[in-house]
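What follows is a single structure, and I will ask about it in a moment.
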Amino acid sequence: MSNQVTNAPSNSPVKTDQLFINLGPQHPSTHGVLRIGLTIEGEIIIKAVPDVGYLHRGTEKLAEVRGYHHCVVLSDRWDYVSAMPNNLVFCLAAEKLLGVKPPPRADALRVVMCETNRIASHLLFLGTYGIDLGAFTPFLYAFREREMILDLFEMLCGARLTYNYIRLGGVMVDVSPEWTARLKEFVEYFKPRLDEYDTLLTYNPIFMSRTKGVGLISAKEAVDWALSGPNLRGSGVNYDVRKHEPYCGYEQYDFDVPLGETGSCWDRYFCRAQEMRQSLRIIEQALAKLPEGPFMATGVAKIPKPAAGEAYAHVEASRGDLGIYLASDGGISPFRMHVRAPSFANLAILQEKLTGMKISDVIALLGSTDIVLGEVDR
Amino acid sequence: MIGYFSTIARNSKAVLQGHWITLKYMFKPSVTIHYPDEKLVPFERYRGALLFDAATCISCNLCVKACPSNCIALENAKNETGKKIAKVEWYSIDFGKCNFCRLCEEACPTKPKSVWHSLDYEVIFVKRDEMVRCWKKDFPFVGKYFDRLAQTFNDPQGQVNIHEVQPRRN
Amino acid sequence: MTNDDLFAKIQARWPAVLKASIPVKDYLTVRIASPDELVPLASFLRDEGFDMLDMLTATDHLGPVNMSGFIRQPNFNPFLPEGATPEIESAASAGYPYRPAMDLLWSFVSVANKNRVIVRLEIARQGVRVPSLTGLFKSADWQERENFDLLGIQYDGHPNLTKILTPDFLQGHPLRKDYVHIKDRFDE
Amino acid sequence: MTAPTPDEKVAAPKPPTPKFVMPVPVLNRSNGRLIEDRFSTWPQRIFDSKWSLPSYRFGAAMLVAIAAALYATGWLVGELSTRGEQAYSLIFHYGASYGLSPLSVGVIWIALKVIAVLLVILVNGLWSIWWERKISAHIQSRVGPTFAGSPKGRNFHGWAQTPIDGLKLLLKEDITPAAADRWVHALAPAIVIAPCIIAFAPVSFGSQLAAANLDIGTLYIFAFAGISVIGVVMAGWASGNKYSLLGGLRAAAQIVSYELPRGFSIVPVLMFAGSLNLSVIADAQTGFWWGVVPKWFVFYPVVGQIAFAIFLIASVAETNRTPFDIPEAESELVSGFHTEYSGMKWSIFFLTEYAYVLLGSFLLATFFLGGGGAPLPYAPFLLVPSWLWMLAKALLMMFVFLWIRWTLPRLRADQLMDFTWKFLLPWCFANIALAGLYLAFWLKP
């Protein structure tokens, strides 16, 4: 039974006056400072205008007066929920400019860090999406597991959210054997938990009825709006940067890319839940054959001054295809850094999708696109 | 008709399985820490509040260049003849802008490090003046702040030591 | 469909289009001569299977960034003289061709056959007017608004070209190299 | 407020700020626990070593002690409750000796019963809120309130949390929003709680322990339970903010449409018991099939289970609890109709919700679990008095209410309506037809 409202509310016989509601910027389920101006009639939404810019800190302007090592610290603050891919993408772009090749051990460590961070980020999504739809308990379970990953990162690089771990030419510090043992212990503990989330949320009839037919995004629309990551794959488009343009040695690990069918909220949720399983597989393979050798390339200057030129690098961050366009004029700081943020494109589709939906579906759709405002506003 | 009953059966089975999991976790102990009574000690590499030792610092300005948001400022000491010597006259870190990224500690050439991260995550700034920590010749590692009203260097009120200051790394 | 014969096809249709001198990594970078070639080239690429407008950005090549564009209010430091800030100055690096030009860049991705084409255009900085691609790609909507907001590029034909990221009371376009910050009510 | 003009800033010399001494909570090894081995806090290790944790053992021991104490007091009070008649006649004679007319003694006896029922509702308010917070905490592998009660650590699981909360709510400022319609805003909580208290009259707390032995007890309860929806709508409209208006309207639609399946689902029970009087219904469930299975209506082959399930679902919906809590859906309407309430008025809404949960669980226990009857005919079970069995069954049902709340997500407004009109109601009618067949062929009345 499709829940999508077909008849346009305006021609319904009962003429109710329209109400303007501000959803946000302080609202329990907008995942950050986002305001959506909803014009509603009864429960149906007539017009929705997302308003962003509350968290705009001007990272692109800041980067123009900072050295290359300093910009890595800046990159932690874009998608603050999964900061490792931010560091990685900036380092890849800068290494292309500098012409530095990180050693194989650094590549493997970068893959492990990004995949562990992806699990932590998807856990946060799972928890908050459960709360958006009213199920409070999965939030606590998801955070209990996420706490273990944050402990691991605290042990490794000293911070729980803003890691500054991946540096130009490699990684900050090597991984101790105890750390890998603890990570293996987490992977063993986490597998059965994923099956529990499936029974608690994924195949729960109420959850499925709230998300199955809601917020349908067709494959053509998804590509047209340049969605990326689980939002794009939820509509059935097989586009994963780790498979399209493998970086850091992703071609060595075999993992498959989960795809949704109809592009509903449930499919996007399902893609993220399956991605966590794939990340576990990648972590196991990467830990199994962790190459020996140095973890940092030699020859990276303390204050790098790359030759004039441009570079574009993009990785599969937890929220989608995160790209950095870096132009250098030969000086100590980048001449221009543009961050292609996946959440910025994923959020843009809301202004078209929300008309005609109900209020509780707004929360379901907003939650399923899993946006982080630090990345939208930069 | 059969489909109707099978969906009811499948839905109720899924609901009951969900209930079984919550019941299972109800009889398991809690994993939470009661913060004011039990405190977690951070890991050895944790990046807490910065500490500085004026005695070992050779005022080489490397940490000033390494800091992304230019929080650190320092001045070389001068001996009687007015020539700069490898000692530091004063040193200040602006915690209002510091983002705890450890680049200054990695840039410091002295062994053991003269600026390093402690394990203290309970740093509170009671006043805006307190955000700028100053160090002079024999100030404590935690540093003092300059109270504009009283024009004196006072001990920071908000520095809460989670436990004794963590030994310096070299 | 390697890059070369794609470029040959483009060359056949638009002789003025030439390969960019500094390619971005190993993507085919095509430099168009004038703004009105953009829309036909974009629709041609779309028919060729490049159905996603991935990124849309621009760089201002005027010169090193103007330091008075940054809000610099350090907390009171007893040792530094009133208001002195630890000095960071942006220096012009020798040998780089600074020129009053705005270099725009579009990146088209073909999801099916994993390919990317980057189209570049260089225009004078003053009064940049470029046709909007919202007709062909919906993803251009917000990215063009962001470029208008931060760099002051006018996109003709954009449904509602208004500020999207910077606050309403901020005058000027911050990412232009000659941007000077005008004191507003939040700078005490 | 406008920025101070420059001369005013200079003119007013800043008064010396009082010396603010920040309490320095230095925690060294003496007065607290420093957890050095961070991995000891990992869930898997705690779950594996659960029996070695002192807190876990202490909790299990306390549960057993509470159950034993309840059993003992129940057995002790068992004898007292049989002397209900003597207590009435004692008061009668004592009154007569003072020259009170028999009518006034009757009034005193009724006043005593009313106070008793009121006490049950208030004590339930305290107990069930604390119980919900503890159960939800342990479901989510956290601990819930633990520090309320005696400061020096003998505060078993924060028993005093709810009284302290009640006191706090009493002392909190009672804000009436400017855009509110003041009278309707103040009247709404009263209209919500009054029907709930009145509806408790015919509820039987054990065999022959009902405040008012009404013949139409069931109809009476559902009639009054329906009135409180007016209070909810008044609260929604009067708060003057859009979110509570939406919450109030949603509540009206939901509660009214879930009255029907709630009423129709117990028609088979009434048909089997033959009367609307709760005590008669409870007595109709005495006796055992094959000596072991009690003749409770829930155990009637198909009719009982369907009626029980539908009545449980409808009661959960009646009390606006997840998965039917769209009126105060946190993630959409901030908190629905009682957003603009604070202090005592808000706590009245909260009290009503838990009173309705208690009412729902008492009805479930009476209709389907043979209120007051022992589940097995053997010696240790028969010694326990009927009101303790009734309490045990009611608490079991309340646990199911809480359990459902912390497991299931929330239904959407129109799905909720579809669910009741297109699924619950047809099954209610089918159930009634089935019960009719039972009466015709199997249960010769």
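Per-chain numbering from 1; labels A, B, C and D assigned in written order.
Quick note on the criterion: contacts are C-beta pairs under 8 Å (C-beta built on N, C-alpha and C of every residue); 3 or more make two chains touch, one makes a residue touch a chain.
All figures in this text were calculated on a predicted structure; none of them were measured in a lab.
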Checklist outcome for this item: With centres defined as the mean of Cα atoms, the chain at greatest distance from subunit B is chain D
Checklist outcome for this item: Counting C-beta pairs in contact for A-C and for B-C, the higher total belongs to A-C
Item to check | Centre-of-Cα separation between subunit C and subunit A, whole angstrom | outcome: 24
Checklist entry - Measuring from the mean C-alpha position of subunit B to the mean C-alpha position of subunit C, what distance in angstrom results? => result 38
Item to check | Centre-of-Cα separation between subunit D and subunit A, whole angstrom | outcome: 42
Checklist outcome for this item: Note: subunit D sits from subunit B at a C-alpha centroid distance in Å of 46
Checklist outcome for this item: Where subunit B touches two or more other chains simultaneously, the residues are 15, 18, 21-22, 25, 31, 43
Item to check | Where subunit D touches two or more other chains at once, by residue number | outcome: 38, 41-43, 139-142, 406-408
Checklist outcome for this item: Multi-chain touching residues of subunit A, meaning two or more other chains, are 137, 141, 144, 151, 154-155, 200, 204, 206
Checklist entry - Which of the residues in subunit A end up touching subunit B in this complex? => result 66-67, 69-70, 73-74, 76, 137, 141, 144, 151, 154-159, 162, 164, 173, 196, 199-200, 203-206, 302-303
Next on the checklist: Residue numbers of subunit C touching subunit B in their complex, please.
Outcome noted: 74-80, 85-86, 88
Item to check | Residues of subunit C touching subunit A in the complex | outcome: 22, 24-25, 27, 51-55, 57, 59-60, 64-65, 67, 69-70, 88, 90-96, 98, 105, 107, 111, 114, 118, 137-139, 141-143, 146, 150, 163-167, 174-175, 179
Checklist outcome for this item: In the complex, subunit A touches subunit D at residues 3, 19, 21, 27-29, 43, 130-137, 140-141, 144-145, 148, 151, 154-155, 182, 185, 189, 200-201, 204, 206-207, 209-210, 358-363
Next on the checklist: Under the stated contact criterion, what part of subunit B meets subunit D in this complex?
Outcome noted: 15, 18-19, 21-23, 25-34, 36-41, 43, 122, 124, 126, 149, 157-158, 160-164
